[in-house]
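Please read through the structure below; I'll follow up with questions.
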Amino acid sequence: MATLEPVDRNYAERVRQSFAGQGVMAFIGAELTALQPGYCEIQLRFRPELSQQDGFFHAGIISTIADSAAGYAGYTLMPADSRVLTVEYKMNLLSPARGEHLIARGQVIKNGRTLVIAKADVGIVRDGAETPCATLLQTLISLAPPPSR
Amino acid sequence: MATLEPVDRNYAERVRQSFAGQGVMAFIGAELTALQPGYCEIQLRFRPELSQQDGFFHAGIISTIADSAAGYAGYTLMPADSRVLTVEYKMNLLSPARGEHLIARGQVIKNGRTLVIAKADVGIVRDGAETPCATLLQTLISLAPPPSR
Amino acid sequence: MATLEPVDRNYAERVRQSFAGQGVMAFIGAELTALQPGYCEIQLRFRPELSQQDGFFHAGIISTIADSAAGYAGYTLMPADSRVLTVEYKMNLLSPARGEHLIARGQVIKNGRTLVIAKADVGIVRDGAETPCATLLQTLISLAPPPSR
Amino acid sequence: MATLEPVDRNYAERVRQSFAGQGVMAFIGAELTALQPGYCEIQLRFRPELSQQDGFFHAGIISTIADSAAGYAGYTLMPADSRVLTVEYKMNLLSPARGEHLIARGQVIKNGRTLVIAKADVGIVRDGAETPCATLLQTLISLAPPPSR
């Protein structure tokens, strides 16, 4: 884990600004609750508007915060003027996501120059106890900034 | 594709009822626009509330409708009293999802007794032209109904 | 599929040379049986040395030819002096791979500048009839040539 | 990790017997080097016959031992008369697999009744130093024994 040194000292501000720019995070009520070099945690309270047909969190909503948690874990390590895009991810659901809130913990696995591999482990909290409910494995790409006009 | 005969004649009603029970579909504004044995199409209009930091559809939102489109494609072929759960999926993003609306087309690849493998191809429509923007590959499990109370 | 024009007229020779350089292909007995821009087909005869515990083709062996078929499909479209590496893939097994030989058909889904998304569909031939047995979804990266010494 | 109690006391013998029945393991020279409930380690020496075009281990060969390591990690926890099949896996390559030998460490993430989710981390050893080179995330299915004749 020796490579998780941020090249941008202001990574936290940059990530928080990007998070604030994701309309979907405010819409579903997700909060960025922890941030370190190579690590990002996002939490989300349950609401019926986020459910699938059995009343659990919908897999797509789980992946929404897991994708962002892993993506921002990667983005903490990218240069100041870079952009980050998700190339792909795979998510396994480990148990029904029935409970009060989700915690997605994103972590960088491999910090490459162009590609970053990250993962997110998601827990569901019910009656105060947390159970693993999903795990996501992701590829990110670091892009140069768009040309200014 | 000879195996895509539904065992439940009322599959369409059953799927539509389940879709109506997914709180998240109404919340984001997704519509079930086509349904056939082994096939399901879901569309979604863009709103800033569904965006990531660059103003495109967030990958998690794309996967929300792609997961449901593929999952309901599989559910059309399951028995009348069964339930469907997503085991896992993998999604590749093919191009930035910038446009007016998304179309996710779910399709069964392999209709097994317990497990169903399905995929969804997602297009983004911009100025009337559709471009592929994501592809999802998924494993579903067909569960017996929960015991009645 | 308009983008599948090769930039290197000698793509076929280049791909065949790379295939010949994969020690594992000769070792397991795989043959490159078709090649077009954005498409590559590899076949493999069954031998007990390629089996898992039930006497079917081992999933890893299936993925060995599927990964190469998809990877070479992508490599047909890359520049003359480029190299190709697999970033990641996901494979679903659709039915037991019991039979005389495998056919893996690789195809480009998205031909990006740096990243190429490809897939491979694998069939198993038994008593002359082919059945789908696996599908693979892959991300490739196109690399500039290594600096000469 | 409290659920990783084997239901079959003779799990080790059963797994080793299944491993010995995989023709491909002897063919490529793979060895089962560690086994515990929910854990399995497989090692593989490099030979030019296992290479891709740049002389590294071929991704398919890496996945061959990673799939078996994760699969046997899962199989340690299954009933005495069960069979195990891989449903799907996804593998990310983290760095070029250039070196003397591979170590694949399979581990159960979720031990369900029908489905087991497992992972494998693969390291490449070069000049005595190990570097992570791949990570695999897998779904297994536990099957009842085939009917006797």
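Note that the chains take the letters A, B, C and D in the order they are written out, and that residue 1 is the start of every chain.
As a working rule, a contact is a pair of C-beta atoms (placed from the backbone, for glycine too) under 8 Å apart; a residue touches a chain by one contact, two chains touch by 3 or more.
Only a predicted model underlies this, so the values are computations on that prediction, with no experimental measurement involved.
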Give the chain pair, either A-C or A-D, that is connected by more C-beta contacts. A-D
Copies chain A and chain B touch via same or different residues, half shared test: same
Chain A and chain C have mean C-alpha positions lying a whole-number Å distance apart equal to 32
So what's the Cα centroid distance for chain A and chain B, whole Å? 22
Per the C-alpha centroid definition, the whole-Å distance linking chain A and chain D comes out as 28
At which residue positions does chain B touch at least two other chains? 87-88, 90, 92, 117, 139
Touching residues (chain side chain C, partner chain A) in the complex: 87-88, 90, 114-115, 117, 139, 141
Name, in rising order, each residue of chain D that touches chain C in their complex. 18-19, 21-24, 26-27, 47-54, 58-61, 63-68, 83, 85-93, 96
Could you list, by residue number, the parts of chain D that touch chain A in their complex? 90, 92, 94-95, 109-110, 117, 132, 135, 137, 139
